[in-house]
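Below is one structure, written out as structure tokens, with a few remarks after it.
Lettered A, B, C and D in written order, each chain numbered from 1.
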Amino acid sequence: MSSSFGKNLHLTIFGQSHSSAIGVTIDGLPAGEEIDLERLQRFLDRRAPGGRAYATARQEADRPEILCGMKDGVTCGAPLCALIRNTDTRSGDYAPFARIPRPGHADYTAWVKYGGYQDSAGGGHFSGRLTAPLCIAGGICLQLLEREGITLISRIASIGPVEDRGALASSTAEKEFPVVDDAQGAAMQAAIAAAKAEGDSLGGVIECAVMGLPPGLGEPMFGGMESLIAAAVFAIPAVKGVEFGAGFAAAALRGSEDNDPFAVEEGRVVTTTNHCGGILGGITNGMPLVFRAAVKPTPSIAREQQSICLETLAPAPLRVGGRHDPCIVPRAVPCMEAAAAIAIYDALLERRKEKR
Amino acid sequence: MSSSFGKNLHLTIFGQSHSSAIGVTIDGLPAGEEIDLERLQRFLDRRAPGGRAYATARQEADRPEILCGMKDGVTCGAPLCALIRNTDTRSGDYAPFARIPRPGHADYTAWVKYGGYQDSAGGGHFSGRLTAPLCIAGGICLQLLEREGITLISRIASIGPVEDRGALASSTAEKEFPVVDDAQGAAMQAAIAAAKAEGDSLGGVIECAVMGLPPGLGEPMFGGMESLIAAAVFAIPAVKGVEFGAGFAAAALRGSEDNDPFAVEEGRVVTTTNHCGGILGGITNGMPLVFRAAVKPTPSIAREQQSICLETLAPAPLRVGGRHDPCIVPRAVPCMEAAAAIAIYDALLERRKEKR
Amino acid sequence: MSSSFGKNLHLTIFGQSHSSAIGVTIDGLPAGEEIDLERLQRFLDRRAPGGRAYATARQEADRPEILCGMKDGVTCGAPLCALIRNTDTRSGDYAPFARIPRPGHADYTAWVKYGGYQDSAGGGHFSGRLTAPLCIAGGICLQLLEREGITLISRIASIGPVEDRGALASSTAEKEFPVVDDAQGAAMQAAIAAAKAEGDSLGGVIECAVMGLPPGLGEPMFGGMESLIAAAVFAIPAVKGVEFGAGFAAAALRGSEDNDPFAVEEGRVVTTTNHCGGILGGITNGMPLVFRAAVKPTPSIAREQQSICLETLAPAPLRVGGRHDPCIVPRAVPCMEAAAAIAIYDALLERRKEKR
Amino acid sequence: MSSSFGKNLHLTIFGQSHSSAIGVTIDGLPAGEEIDLERLQRFLDRRAPGGRAYATARQEADRPEILCGMKDGVTCGAPLCALIRNTDTRSGDYAPFARIPRPGHADYTAWVKYGGYQDSAGGGHFSGRLTAPLCIAGGICLQLLEREGITLISRIASIGPVEDRGALASSTAEKEFPVVDDAQGAAMQAAIAAAKAEGDSLGGVIECAVMGLPPGLGEPMFGGMESLIAAAVFAIPAVKGVEFGAGFAAAALRGSEDNDPFAVEEGRVVTTTNHCGGILGGITNGMPLVFRAAVKPTPSIAREQQSICLETLAPAPLRVGGRHDPCIVPRAVPCMEAAAAIAIYDALLERRKEKR
């Protein structure tokens, strides 16, 4: 058990890749909050494959049905449940993986964990498809956060060996292929196409910045913003690293370089650099909260790979058919925003308890 | 609130750097487990400053008193509470930081969060000193894990720009300065001494490997091992990044390189490489669980830094006196092990529920 | 927020009386458990109105659709989500209660809590209808408990002033109108009919016994079986009291009368009386766990009642139309079982963690 | 595990009757709240035996040491830990109960649960002594609640067969023996003395009322005030029943009698009766929240009782020596207040999250 997250905004994500439906229940949304469903749809569309060259050919409408929790377009205080029916499924494609686990996937670990009772079709509950309900919850949180002046922007920092150049800004985040340097973006897309042509796949790094956060969000120790956001972001399949501010690079700096000097700007306390990524002692300091997540290359590749048969323990070379993204990084961008938004909104609700 | 962690083994860490005592309550320890207090002390001693050149001169005996939860050296099923009295405190050293926040510390964010009521002496509840009770809890978990064949080993992967060379092994972890290549270790210590001489500080990277884990630990999505361990590790002050297996480097690999082929060895399913760090879909696959954490340089440096006065908002250059580690990385090594051990033991208890 | 329950088996109940659907997500069901859906339906049918004289005329098919969490009739380890579409709703019946709260209902408190944004139709999320998803979750738990030799039986102990006579047994629980003394049962039904004829309603007391529990379930203090079961049972609308074993009557006994002597029977430790209701120190002792819950009379009555208009604060006599049960006690019987089953199954999972 | 309680104010109670110390950690206290320790002591003194005829002769100073969480008498935002050293212990008195369980106590169930590793001296973690840290936490909450205009009053509603007469009022709660009718109070004390003289014990019922609660506290379903308060109150040893408002008596009323009509008084919505005990749909309606708890007679009695030897399973008559209260009801009064205060303060913090 732990498809559930959040202390103040509590959500449970349900569904398997090929079950009747996938969805999410969200308990703890304050009443009286308008949810713009058109806008939520546009957010979900950023995650949908949409026929782009670097995405799966599977058609996923991903139009959530809101079953409850709202009245006349406004939250009513009761838990919200949203679901998406699974329609375009081809379970047959996945039949062999029940006994011959795909390298890099959860087939083997799910088989061990659930004693062979797991629903392996399409990756079951471990499918990237389950990020759709994550994006429903996150997309709702993004709207609520924006109402308090908090916005999330993100970009593709790298794909394979190709890195973006320049600094993340709101204008970047609005691009269809969100990079600062479009030439580098073109190189990234070319790299994806090349990998695909070779039956291979690529990973990458995504960078997010949260603007407009008030200082004081986050709790000491285990409730720090780094812990909260990392716990949410690592729930996205394929994420293998998370860093905040200067992150791993900070480990090579000296204290005199890494420390962010305090200053006052327009009557507001700021820091003149932001190596801490807007977080000190786990608590927001009012500067942009910046994090990066490493996404491993899509494990489903067209090339032959070495596996074994779980029944006979004999070697079993396999070739993954089906329809797969040669690089999920572009589609993972809104997922990062969604995961971060959920964690941040939870921290925002926690913060409210401090004020009489 | 969130100095509490764990679903199945539930702990709350309490205390401020200069309060009467610091400590931890642990609820959920199974009854009948012997705790070797001598061995626990040796584990705590690895964290203690101990007069080494790279550590603070503050004398901290760090001898925990176990108030309850044990009988005749064995857990009795009731919550365990352990505390360490704070004795060698010099609160006067910290008086100015109540209004002039130290760059890189939680002084400012705590001030905002707690409306000026925080206990700022010695960093209060945000002090690195609070990792002592974390190590009590973690040291106990390490003993329980070892009883099930699970051991944690770790090393200093880098300090400042100096990187260790070679692969982590048990023999490395037993060294006083745990690096594979002792020449690199000597260079690291020289770098620390040089930084100290210049009134500056260094950070670094710590690598841990968990050996002997059964496959099947961890839960889907938010309960994955990455989420659990990252949430615990980010509770350690100064950690700014966490990665598993190939981590950020995986983002630059191709799927065909990153995927770990399955094979059978002595009747056991293994992978022939371990880029995934022993975790697939958030669940252990039986291979060593490997993670690295980036530790920023100690923010307390002897050089003058730019800050502001929170009362007047005027610029206020400050120089941090007191006694500080020029590099906390060596002392942070057992803290990483402790944080990981807590998260892993919690997952182990969770796993037991699956078996009738 | 708190339509969620359970630490080890975690469920969230969603829906409003007149929303598109109501349902429940259950996270934490062990994989490999067969769920007999026919039998689950028969359990749900015990709660359904079914055209009996003492129940509402509203037709509720209450056939749950299991969206996910199972494969081939067996749990697969992923969260289970079940929903029931709301079809036979007449929201118009409830329009006035948005501003003129019905005495004894949650109309007023929901209005305060949700600032007027609540979905008041049919009582919204506070409707007794939400016990249907509770019964889905509880009915599943009952099947899992039975597999471990644990069964729940219950009876109507009283309706209005009419009390059942004799001791609860399995044969009682199987009756359509579950009382030991059928003559008293007939008197209860006559009392319901009389109250209905007068536009009034009745309450009653339900008694449950859980047979076959192993000793050792439950945790100290806040995790005691009384706390767990009471927290679940009080979630059922209209429950105003819960007692265990001799309960309130124990308060009038002497220790020498109330204490249950220990004895050995067929090699098993038993008590020769069961005033403690199978619970000592919050932990099961292996004897039947017995509790009783007081259900207040249905607040919806046909008679004119005094209320006020929340907008004008003027007096506003009201008469509750719609279709209502003159006595919900018979339909509440399976709800008690469901609530108790959920709490007990959670305790059972907790207990498993104690065994290496 | 579950000596922990609370979602927003999270506490863990630790200690055994004869361990070095007992105490409580409280995580989530807002910063900036003054705690009057003198007043807290007076509250704890109400629970202490104090040499009265109806209480144990064991001398318990019960003077808590606040280890952390405060600065200059004011909460600082960090977890508070308070402990009471155990000094006047006579473990030898309890040696036999490790294998011959006392009827009515947790000796047997703890033995099963903890496999014989429990600390049975003095009842271990199941001792009534553990209500002292409960009262520390509750006494702090009472001060915080009072600051928001919320007060708790209580009385002894009955002891054995002797019932108090009249309605609970603030003046009642202030008496040393809190009953409305002092003649009945004298009869109660006489009944206790008589039971004691016969080596026996008595139970009773305690009634609490919470005044000044704002409407809107409590959450739907499992988060209702009844669920929260019952879960806390059942943590007090010997409590076997909890009811709200008319409680079990409501089950015998008709809807037309039980429903509380709404009215307006001084511009405020009120009900003209209070059968619901101030709670509708789990949520406070602004009227006094009234509950009663049944306390079973002290299980430790001087008479010979039937037990068995857990090692040999042979019958083993036993006589409980040691020093025991012939009736714990008077000392349990502040414990009820403490438990309720904790639950209510948690609900108050939850409520704050609803307001932007």
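Everything below uses one rule, namely that a residue touches a chain if its C-beta (ideal position, glycine included) is under 8 Å from a C-beta of that chain, and two chains touch if they have at least 3 such contacts.
These numbers were taken from a predicted model, which means no experiment stands behind them.
Two copies of one sequence, chain A and chain C, touch each other mainly through matching residues, since over half of the numbers at the interface are common to both.
Seen from the Cα centre of chain A, the chain whose own Cα centre is farthest off is D. For this pair, chain A with chain D, the centres built from the Cα atoms lie 46 Å apart.
Between chain A and chain C, the centres computed from C-alpha atoms are 39 Å apart.
The geometric centre of chain C is 26 Å away from that of chain D, both derived from CA atoms. In chain A, the positions touching at least two other chains are 1-4, 8, 13, 28, 31, 77-78, 110, 113, 125, 220, 350, 354. Those residues of chain B that touch chain D in the shared complex are 1-4, 8-10, 12-16, 19-23, 25, 27-28, 31-32, 65-69, 71, 74-81, 83, 110, 113-119, 124-125. If you check the complex, the residues on chain C that touch chain D are 1-5, 13, 101, 103-106, 108-110, 112-113, 125-126, 130, 158, 160-161, 195, 200-205, 215-216, 218-224, 226-228, 230-232, 234-235, 237, 239-248, 250-264, 267, 269, 271-272, 275-277, 280-286, 294-301, 303, 305-308, 310, 313-315, 350, 354.
Residue ranges on chain C touching chain B, taken from their complex, read 7-8, 28, 30-31, 77-78, 148, 220, 349-350, 352-356.
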